[in-house]
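Here come two complexes built around chain A, the first alongside chain B, the second alongside chain C.
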Partner chain A sequence: MSLLGEEEEALKLSEVQTLKGHTDRVWGLAWNPATGADGVPAILASCSGDKTVRIWQQQQQQQQPQPQQRSCSSPSFHCKFRIDAKEALVLTLRFSFVLITTEARELLFGKQLATASFDAMKMLSLLLEDRHDRTVRSCAWSPSGKQLATASFDATTAIWEENGSDFECVSTLEGHENEVKSVSWNSSGSLLATCSRDKCVWIWEVLPGNEFDCVSVLTGHTQDVKMVHWHPTVDVLFSCSYDNTIKVWAEDGDSDDWHCVQTLSESNSGHTSTVWALSFNVTGDKMVTCSDDLTVKVWSVDIVRLQSGDIHASWCHLCTMSGYHDRTIFSVHWSREGIIATGAADDAIRLFGESEDQSVDGPAYKLILKKEKAHAMDINSVQWSPTGNRLLASASDDGTIKIWKLESMQGTLNHSSPNTL
Partner chain B sequence: MTLGLINANPIVREKKERINRAEAADHDAIDPLDIYDILNLISIDLVHIVRDIRDPEHPYSLEQLSVLSEDSITVDHNLARILITFTPTIQHCSMATVIGLCLRIKLKDCFPPHFKLDIKVAPGSHADEEAVNKQLNDKERIVAAMENPNLRQLVEEFDGSRSFSFDRNNKLSASNTSRLASEIGSSHSARFTSYEKLMRLDHHVDYIASNNNRSRNVTWRFLTKIFSLKKSSGGDSEEKMSVPSKSWRPDPNSRWPLQGW
Partner chain C sequence: MSEKFSATLRIGDLNDFIAPSQGCVVSMKSGSARLVDNNKPKKLAKAAPATKTLETDPVKISLKDCLACSGCITSAETVMLEKQSLDEFLSNINSGKTVIVSLSPQSRASIAVHYGLSPVQVFRKLTTLFKSLGVKAVFDTSCSRDLSLVESCNEFISRYKQSRIDDTKESKSFLPMIASACPGWICYAEKTLGSFVLPYISSVKSPQQSMGAIIKHHLCQSLGLRPSDIYHVTVMPCYDKKLEASRDDFVFQDQADQMTTEVDSVLTTGEVLDLIQLKEVDFSNLDESPLDKLLSNVSDAGNLFGVRGSSGGYADTIFRYTAKTLFGHDIKGPLDFKTVRNSDFQEVTLEVEGKTVLKFALCYGFRNLQNVVRKLKNGKSDYHYLEIMACPSGCLNGGGQLKPKSGQSGKDLIQALETAYNENVLVTDPFENPIVKQLYDEWLENPGSEKAKRHIHTEYHPIVKSITSQLNNW
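== the complex of A and B ==
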């Protein structure tokens, strides 16, 4: 479905819900790819400077059926309720202390509790947060949705698995010398990549029984590596760094011999300052990157060549969007529909889409929408929901996560307003 | 490579008398001079950042060292931005990044959270100006640095109420002076040439139990032996030197400020 259609419809980003619970800045978000469709409630993981990871689950609310309007559900999120033998006692106590403020609850129970808003019944959730000693910087779900990897400044990466109604840490990946900044699973879930301030990228193989073996330590970046991300269809790894470059890593044959096949630097129209994030479009033939140099760049590759196994298929610069941001852009994400969302240090979310006017040099991108003051502080992460429902999640230094819906200005097909959620 | 102090002869200016400004009409507005006053209270002893010497040598404020002046601070209320530029006393000041970090942490609670703070070295005042500015304004690096307990301790010492100093153990012997000189030489060069090793040492400090103090001292002793310019009195006094890790002051044998945080 073409985003803008024949008549350009005006779009707006409406706030669906604010998720509060983290007590420090929220660094990263990840939607569980196996949820959100076919009646399965969507699940969102968030990681924070408060050293915890919170898991939020969409709750379907029953709407009164009205004959004139389409019946639909208004999505609302609550922090997923988890209970085990120890926490059952806490739960009993909780009901009698329901009026006590969050801070007092923390004192009594000695753990961080999250309360979700918008529900008549306050749902509490306890997270097993004693795993990481420092900020959890990034989280990523495996493609099957069964495991969650979390990368932390304590130089470890933890792998969590759902066990009944709880999550337990089934493995810890150690090896980096200092803060791990990002973690990413490949499309088949057989490989995991992590990167760190130690300038290295580690590739791990996922073995049965929750074993993770390091298959390669990739050096090449000259500074802190900010993010790693696998290509959506082929096993080619991308990393972006404080050294202003993006490196492409691939394996020669099947020999575990990973090496850098391409570096996108200033000399090939690359960024002139720290590259913070990258994202692929749904087909994998285009990549978008964002940087401290206040620009967003789009790159493309001959996807047929790449998918046929030619690891040296090179990426070339397609388009630079400059002049739209005036502070560092921390996050960029390409939706399945083709909309690029950016989250920046000026507290705003911007959406870009392919422009109808094709220039001679190729497709151009234009700003569709700018949501100013989307948050009270810097936005660290924006992530589109993997299902095609135009939901966008954003995480900020203010400790909140907001869920947005992109819809047309004329009036919504969902007849809910934010107050009723 | 200079031995001893990084800047043995800083240029010290007279403390300026502040002309009282009329009360600002808008009490909510952030007055650059308020920020300046806070920064001026920081009594910074540049020497003590890098080595532990009992007597402070240059206990001058940032204003007197011309590190900051009233023009250093610009506040834009419309955009909610604050820019602070400071001038390191020498072109190759290796502590510029640490000073900038201290400034940022000191000012963290002085303005509303939606204000954006940028800290830069004054144009032309530092040889690696671009690299220093980039590091000083990388939010993720700043957060990671502040989670490093040793760097955090260092930064938290920048307070007007007391000057920053390390105490030496009282058990020092008379050969202190010669040992001190060798340590100055060794530590200085060790810092510049063995930065990677120090990073690894620091990592171990954080994650390995204190019974590994011995192994750290072995590595440190090895480094000082290679680089010492005067013969040190040998390994014995080094072992006596190990400061109990419970002391609030960083262990001088194993921790050095990380300029590249």
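== the complex of A and C ==
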């Protein structure tokens, strides 16, 4: 990747906004995949220990900037805000939002940055005020961006749909014995997976009329399952756990049920402690995992074999990035353009890119950027915006969400169209 | 050993796969700690009537303690090994008690496939084996199942009629009626689903417990024995049946004030194979004894009688009976079950004048169970009867059955079991079973009578999650 070659020194991660509002640690983030491009303002969902989910929306600037400054592909974030009459607390929050206008940004960061033209995000909607009894651990938009699934420590998963200016809970999925840790939609939006501290992974089929049928209950993990995630192109499910393993689940045509087709554990170069998160590259031939063992591992698969329907196409360890982290790595996310971001317990964000100088063993990844003190406390989630606009959102135990922009020191990257990156 | 329970039980309570010694919420210490446990005063009194010994002897967790607790279910294993094991069975054979064994048809099918014999041959050979060990009689639980089926038909008709008459909101708890024969399902319903689902579950005892009731409440009197003189063992396809036999609801006080259980011990099919191997019996060449016809319905030609459906045939039997009794449809031949989502979820309906008057479903395995329960909870269920079984493929695939031989797929084994199950079985209306008729004549009077309710029906109890079991989650 050219931008990571000679120019790597030139990259920087600039904070463009801090989203405040959650009153407890923020656990998860999800960019709405149907937004953030083609003039549709980006929407981000966040979930928290305060039992709520908040929807943040980028707002078009009120003042039209100069044409040469305006980059339509990189709109700024503002936030619409729905005041819930029930919530006096929310009312007070209204005044704590930081709205960064173009002028303010120019003042703060200089003209160069203003061309990055970032519209502040504003809270659009507040969900789940009385829906989940406990922490909302994870949230995920359906591929169409029309529905949001939220997984809670109250053992339920809720499905939300936008209804005018509001979000309405259209379905509740029960069945897990205790805390639901993660929720994920498959690429077509026809299947939904959840996992829990009860060691189980559930797969639900999405039926018309907001009906959900349980397709499979998968047992195999021997401990708390931390995350479930579907492959980006094939209906194969991945789960990672406190039992240090990553399991691959696929439907067996014979018995019309789902089975574990592969377990990535210490014995096949896997992790030696809790695996917290996993993410795929854009083509889906590589997966990255992060762990309490302070390493990030990259795995690869014969994608042609996998896509031709061979669910047994196995995932092989490609490389391990060790020595970069000294605290637990809670989150990992692979950007569309190939940059791996990690969020860790040392409050830092790190970015890794595929190294130009490949070793004989295959591709190597190297640290291209470390943002120390990105947050005041542990970082629970890092999520790249899906539109390739180089926006990264991070969520932390400090109760805030930060929006970052990856850009070159010289601003050269922004002169080219960011969407092509 | 935890994998031997039905998946439903394992999933429903998989908080802790632990032995009691490691983290059981019921205190294991002898003496006061356990006595102050407010949740279990009743159990204590039963487990150890003499309080003095309780203070000196180490207290053991009984299977009943585990059943009453909302914590882990699998702690029960260690306890079960002691109370419900082959060793316990063998030591009771020579204890001076009259030992009676009741064999399930699913267990016979499993052993038949294993040895390449017919189920009737297996029945006769097992009779030889058990009697050589000192067992007095070997019975067939498909005979007591006919009694459970007759009571279930009667209960369904009464629920169906009530649901038609009663337009109030309470009428919603009449239907669907849900089969009660699967202990894995019952345990899951009580511990996890709780009170909303329990009113739907049929109050009729399972074939195992009906057999226990017949033997301990009725047969013993005709034999001139006290219930406590009889040691009743069942052979079942399922580990969860051990939990069922241990329920407080199936313990009663006899005239001599002795606490007696309807079923004293449950052996799985696999444990019977262990017994055959332990005794170094050449099973294939073992003599075939005549069957005990007292509580086994056998034709003169040596055929057994049964109903369609390898998991008890509840939906099949009740559907036919209701179609005939309420709608005048006498259905001959197999019912037209339609596969809905997968082979473990099938529906059958009866239409009268273009209107669906009966809608029954077979629902096997945890995932299908989840979906019907979900519909029921959301008020979207239009079923009249649900035959829910915890195991995929139903009872033939119970956790206590013999495992596939090397090279044999699970699917092939189930197919072979289905074939064997129906071998030598004449499909007959349970109402025509002469032994059942005799039981009503001599003892129970009529289906649904007070006596029948007392002996062949039972109750279910929601188990409230205690704080201690919640804490144990951490």
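Simple rule for what comes next: the second predicted complex is superposed on the first by the 334 of 421 C-alpha atoms of A that agree within 3 Å, B and C clash if a C-alpha of one lies under 4 Å from a C-alpha of the other, contacts with A are read in each partner's own complex, and residues count from 1 in each chain.
Simple rule for what comes next: a contact is a pair of C-beta atoms (placed from the backbone, for glycine too) under 8 Å apart; a residue touches a chain by one contact, two chains touch by 3 or more.
What you are looking at is a predicted structure, and each value in this text was computed from that prediction instead of being measured.
Quick one: is A:Ala37 in contact with chain B, with chain C, with both, or with neither? Answer first, second, both or neither.
Touch status of A:Ala37: no partner.
Of the two partner chains, chain B (first) and chain C (second), which one does A:Val304 touch, if any: first, second, both, or neither?
The answer is neither, since A:Val304 touches no partner chain.
Looking at the overlay, what does A:Asn178 touch: chain B (first), chain C (second), both, or neither?
Both chain B and chain C are touched by A:Asn178.
When the two structures are overlaid on chain A, which partner does A:Cys316 contact: first (chain B), second (chain C), both, or neither?
The answer is neither, since A:Cys316 touches no partner chain.
Between chain B (first) and chain C (second), which does A:Ala155 come into contact with in this model arrangement: first, second, both, or neither?
In the superposed model, A:Ala155 contacts chain B only, not chain C.
Between chain B (first) and chain C (second), which, if any, makes contact with A:Ala10: first, second, both or neither?
neither
Look at the residues of chain A and decide whether chain B or chain C touches more of them.
The partner that reaches more residues of chain A in the superposed model: B.
Go through the superposed model and pick first if A:Met377 touches only chain B, second if only chain C, both, or neither.
first
Name the contact category of A:Val282: first (chain B only), second (chain C only), both, or neither.
A:Val282 contacts neither chain B nor chain C.
Please identify the positions on chain A that touch both chain B and chain C, taking each partner from its own complex.
Common to the two interfaces on chain A: residues 177-178, 197.
In the complex, go through chain C and note every residue touching chain A.
7, 10-15, 192, 341-343, 366-368, 370-371, 374, 377, 392, 411, 473
Within their complex, state which residues of chain B touch chain A.
Answer in residue numbers: 113-114, 116, 134, 138-141, 143-144, 147, 199-200, 203, 207.
Spell out the residues on chain A that touch chain B in their complex, using ranges where they run on.
My answer: residues 25, 49, 134-135, 137, 153, 155, 177-179, 181, 197, 224, 226, 242, 273-274, 292, 327-328, 345-347, 376-378, 397-398.
Could you pull out which chain A residues touch chain C in their complex?
Within the complex, chain A touches chain C at residues 174-175, 177-178, 197-200, 212-217, 219, 254-257.
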